[in-house]
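Each structure below is given as structure tokens.
In the two complexes that follow, subunit A is the common piece, with subunit B as its partner first and subunit C second.
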Partner chain A sequence: MLVAVLTYVGYGVLTLFGYLRDFMRQWKIEKCQNATEREEQKDFVPLYQDFENFYNRNLYMRIRDSWNRPICSVPGAKVDMMERVSHDYNWTFTYTGRVIKDIINMGSYNYLGFAQKAGTCQEAAAKVLSQYGAGVCSTRQEMGNLDKHEELEKLVARFLGVESAMAYGMGFATNSMNIPALVGKGCLILSDELNHASLVLGARLSGATIRIFKHNNMQSLEKLLKDAIVHGQPRTRRPWKKILILVEGIYSMEGSIVRLPEVIALKKKYKSYLYLDEAHSIGALGPTGRGVVEYFGLSPEDVDVMMGTFTKSFGAAGGYIGGKKELIDYLRTYSHSAVYATSLSPPVVEQIITSMKCIMGEDGTNVGKARVQQLAENTRYFRRRLKEMGFIIYGNEDSPVVPLMLYMPAKIGAFGREMLKRNIGVVVVGFPATPIIESRARFCLSAAHTKEMLDTALKEINEVGDLLQLKYSRHRLVPLLDRPFDETTYEETED
Partner chain B sequence: WESFLPSRVLVQPVQLICLYAPAYHLILEGILILWIIRLLFSKTYKLQERSDLTPKEKEELIEEWQPEPLVPPVPKDHPALNYNIVSGPPTHIITVNGKECINFASFNFLGLLDNEKVKSAAQASLKKYGVGTCGPRGFYGTFDVHLELEERLAKFMRTEEAIIYSYGFATIASAIPAYSKRGDIVFVDEAACFAIQKGLQASRSNIKLFKHNDMADLERLLKEQETEDQKNPRKARVTRRFIVVEGLYMNTGDVCPLPELIKLKYKYKVRIFLEESLSFGVLGEHGRGITEHFGINIDDIDLISANMENSLASIGGFCCGRSFIIDHQRLSGQGYCFSASLPPLLAAAAIEALNIMEDNPDIFQTLRAKCERIHELLQGISGLKVVGESFSPALHLQLEESCGSRENDVKSLKRVVDYCMNSGIALTQARYLEKEEKCLPPPSIRVVVTVEQTEQELDKAASLLKEAAQSVLN
Partner chain C sequence: MDIKSMKYYLYWLYCQFELITCSYLMEPWEKLLFYSFNITMLVMVLYIAYIFVPVHITMAFQFFLHLFGNQHENTVSIVK
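Moving on to the complex of A and B:
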């Protein structure tokens, strides 16, 4: 309670100062640092509303150095960062030329540690690069469908256990270009509260009606499904053509895992379709890294559209969609990406193929399996230790995304900077990616983190936690989340 | 202080009123007050929107409802279903479906796809950084190669700043909604490409289409808007206006009349967004695009967006312009903030390609000469007409007379393409999503000219197309 009050007070003070500074800037008492409109275009309608940028100018600018940190090495477990300083309170940055070496990287999405600059994946990619070149210069349907793409798609289908799959050049674009191809006007989309921007954009571009259910809350979803089928479309009362449920495997800001068995039961009962976005969970969950479907022991045939990205666990770029053959045939013909967007770059495709074979064990080694197990161990150890220390952690026990609550705006900047001083790189997020009073620091664990690295990190987090008074949890050992609705944890029983 | 008691304050005026007001007045007021109290406390009756169904009826409805299948079945012989499979790199000599052909279908205008220097720069980057970036730009996904590429692009185009996206389609589709919101007005050419259309759809602004390259039509729309503004000046003061045009149109192969557009810009106070995917690295003396081609000051254009997938033979896209405009996208460009950054090896390839473009400015002249040659050679084919400017490297060949329906047109063109592919020239039909395009262009064959094609190859292609048209269309 006290924390909530103090958070609001913090934001209040910042806003007041913001108004004061804006006032001083307007009256030229303080120098205006942002770029301004051209002289010749001063009488045009202003491009940005003043208020829109209020948050940007006054709150974001103060702690801007926690984001967009430039690195100059492979984004593995340890990373080198270019040092930058600001002499005018973050309005401009200059690079000192020095490089801060060996920062423990807890921010990159490197779940299975495939971000490497040497090894089988990199060698294979180098060979393909010298043979094929870097670009493709054409779309899939015209002249850009290489034999490598066909190989990749067959492999992805085998990996997921589905009939067929299709790969795209960008994970974000996979959602925003394929959801409009699947649903249109007259269809209903039920989307989780905390879905990613790409899902929201795809749903909006499709033209279907969108209804939102509370995060991971099955009663809310069931109520919406019932209402939709019984009452039909608003005003015309015609029945809906299709209902599509959009959920994610692991939610990147919460660390929670979707309640897949219940969602599938609901989907079957109400005859709707399920679109599962496994951007963070593919490769990171499940005993062999096949994602959230394997984690719950379900069959991939129950999920109508399995979507995922190659950026996180495979150390490459791009996205895929897997499902039945009719679905993929339809997407090959009507997906926006197949017709208008360039296909994947060949060395990237090779990286995906090699890393996927490694995870499946088809390259003859145990490396893939070892990595998946290492990630699971790291996750459990890290989460347990943080809870013992007394921090508030969101999310499911097994998810490698660990959000640590900060709440107060001042601590966002402080946490980021203190951790960097101690050579640990963390990601801090505030408004607008999270609700305004729930700012957090997010750790992404990796199979490449050794126990020593985790111990160092935990020691430093402990120190900074004491320094900044971040240990909000009132209970030790038994984790209690500070939210009234406890949807975000899902107690999984071993079957 | 008894006089300050509230009862005193209330009672005295009421007493005064009762003394001086007529009786019927008091009675009327009394009734009115009682009515108001009743209304305040009575239950509001909502209109019966939903009929009260019993749970059993609801169960029955749920049982009965049958959704459509998730996707309709696609016929096996759909022209877009079976892709051409390219074995090996899609360079000048390309192996399509097992047959070796000369490539007239990939947008590899400057031939940089196969360039050894570009490949070795990418290899060096691969050894240093690995393949993926494992994060968006905000969270440890910004590499020094990205910063270097942005600086180089800004310097090359002579603007203040540039911003990179990891996917060409997403560049303009994220840039437009970052500036144009609900209530703003965008004037866009009819022949704008699909990426622009998606960007406009995502922005929820009012879209006004003007006829392709018709400045009179655009001026008419602008004048109409002006009269609208005079009716409601307060709203007009906050409604932003944009014109979105392409430098070299992908769908028609011609250029936009940029000098007239600049005049209209200052006359009606509209901002211009220019999409230069095909003209970057093609037009202009040094390849800087259509602004160099027409000799226009680049600061007059508010935003230039291009993709690096054509001339630069890499992947991704960029926007360049003044810092005032470009910096905004770093927080509000969806494809920038919520997506992983460009793999460093592709960024390194793009930097090396830029180096080559800067060191050899005569390739642009060579390319233009080849375009003009093929344009001339393709004139006079019976049954097919050439659509596109003489210096445009991406031409369309459309049927002079339609065979009746679009499906039949597509089939005839496919026979022409197959004839050419069997004889060693790789061509492709221009693909569109027929139901989604706002103004669907007629079916056509895409002919792409690259610097690597020799004069004999150009001649061969032209004569082969003549033969194909003769045998198929007559």
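Moving on to the complex of A and C:
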């Protein structure tokens, strides 16, 4: 309660100073360094007066040095970063020329540690690069369909346990370009409150009616489904052509895992379709890394459209969609991304193929299984230690995405800077991605982190937590208390 | 030894104040403005408390005496 009040106090002070600075900029007492309209356009509809721009000018500029930091090595467990300073309070940056080496990387989505510059994946990718070159120079439908792509798609289908799969060049484009191909006007989309921007964009582009249910809340979803079936379309009362439920495997800002068994039960009861976006959970959950479907022990045939990305656990780029053969054949012809977007680049495809074979164990070694187990151990250890220290952590016990609550705006900037001083790189998130009072720092664990690295990181987080007073939790946690299975939501304290 | 940890504790308290009110993020002239405003307000409140609180306490004291007993004290004429 106190924390909430103090957060509002902090935002109130910053808002007052924001108004003061805007006033001074308007009356030319201070030089205006951000974008404004030209003199001739001053009588038009104002462009920069809404809250988002106000926030951007006044609050974001003050703590901007925690974002867009340039790194200059492979983003593995340790990374090198170029140092930069700002002499005019973050409006411009200059590089000092120094490179900060060996920063422990807690921000990259490197869940299984395949972002490496040496090893089997890199050698295979280099060989394919010398064979095929780097560019494809065509879309998938014209001349861009290489035999590597066919091999990749068969492999992905086998990995997921579905009939057929298709791969695209960009994960965001997979969502935003394929949802319009699947649903249209006269269909209903039920999407979770906290879905990613790509899902929201795809849903809006499709022209279907969108209804939002509360995050991971099955009663809200069931109520919406019942209303949809009983009342039909809004004006004409005809039945909906299709009902599509959009959920994600792991939500990247919360770390919570979707309640998949209940969603599938509801989907079967009300005869709707399920679109599962496993961007963060593929490779990271489940005993052999097959994602959230295996984590719950369900059959992949229950999910109609399984989507995922290769960016996070496989160390490459791109996305895929898997499902029944008729669905994928339809998408090969009708998806915007297949018709207009360039296909995946061959070295990237080879990286995905090698890493997927490694996870499945088909390259003859134990490396894949060892990595999946190492990630699970790292996750449990890290989360347990952070909770024991007294921080507020969101998310399910098994998800490798760990958001640590900061709440106050000044602590966002302070946390990022203090951790960088201690050679740990973290990602802090504030307003547009999270609600305005719930800012957080997000740690992404990796199988490449050794226990010593995690211990160093935990020690530094402890110090910074004492320095900035971030240990808000009022629970006294008994160590080794296993949480029951169906508590997949967050909220550690009632604040 | 104790002075050092005391000074460190006071410095830490000052850091917390800076973080909570976001003066950690302000430029120096903004900090000057903010602190001078705060200190002025604080000094005024303390001054008013110093002047008026004893008078209010004696008046309340007499009110309660009048409520429970029934005698007027001779010193009731402090208030002009």
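Here is the rule we go by: the second predicted complex is superposed on the first by the 460 of 495 C-alpha atoms of A that agree within 3 Å, B and C clash if a C-alpha of one lies under 4 Å from a C-alpha of the other, contacts with A are read in each partner's own complex, and residues count from 1 in each chain.
Just so it is clear, a contact is a pair of C-beta atoms (placed from the backbone, for glycine too) under 8 Å apart; a residue touches a chain by one contact, two chains touch by 3 or more.
Not measured: the values here are computed from a predicted model.
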**Request:** Classify the contacts of A:I100 with the two partner chains as first (subunit B alone), second (subunit C alone), both, or neither.
**Result:** neither
**Message:** According to the stated criteria, A:M360 is in contact with first (subunit B), second (subunit C), both, or neither; which is it?
**Reply:** neither
**Asked** Between subunit B (first) and subunit C (second), which does A:I210 come into contact with in this model arrangement: first, second, both, or neither?
**Response** neither
**Message:** Let me test your reading of the model: by the given contact rule, A:Y132 touches which partner, first (subunit B), second (subunit C), both or neither?
**Reply:** first
**Prompt:** Once the shared chain is lined up, is A:L468 touching subunit B (first), subunit C (second), both, or neither of them?
**Reply:** second
**Request:** In the overlay, work out which of subunit B or subunit C sits against more residues of subunit A.
**Result:** B
**Asked** Does subunit B (first) or subunit C (second) touch A:K411, or do both, or does neither?
**Response** second
**Message:** If we overlay the two complexes on their shared chain A, which of subunit B and subunit C does A:S198 touch? Say first, second, both or neither.
**Reply:** first
**Asked** Which holds for A:L298: it touches subunit B only (first), subunit C only (second), both, or neither?
**Response** neither
**Asked** Between subunit B (first) and subunit C (second), which, if any, makes contact with A:Y60: first, second, both or neither?
**Response** first
**Request:** Using the superposition on A, tell me which residues of subunit A are in contact with subunit B and, in the other complex, with subunit C.
**Result:** none
**Asked** Can you list the subunit B residues touching subunit A in their complex?
**Response** 50, 53, 58, 61-62, 65-74, 78, 80-81, 83-91, 94, 96, 103, 105-108, 113-114, 118-119, 122-123, 126-135, 137-144, 146-147, 166-170, 173, 179, 193-195, 198, 201-202, 236-241, 266, 269, 271, 299, 307, 309-310, 312-315, 322-325, 327-328, 330-331, 334-335, 337-340, 342-343, 345-346, 349, 426, 428-433, 436, 446
**Contacting residues of subunit C [partner subunit A, same complex]** = 12, 15-16, 18-27, 30, 34
**Asked** Okay, in this complex, where on subunit A does subunit B touch?
**Response** 34-38, 40-41, 43-49, 56, 60, 67-76, 79, 82, 105, 107-110, 114-118, 121-122, 125-126, 129-147, 150, 169-173, 176-177, 180, 182, 196-198, 201, 204-205, 226, 229-231, 239-243, 270-273, 304-305, 309-312, 314-317, 326-327, 329-334, 336-342, 345-348, 351, 425, 427
**Request:** Enumerate the contact residues on subunit A facing subunit C in the complex.
**Result:** 6, 9-11, 13-14, 17, 62-63, 89, 408-411, 413-414, 467-469
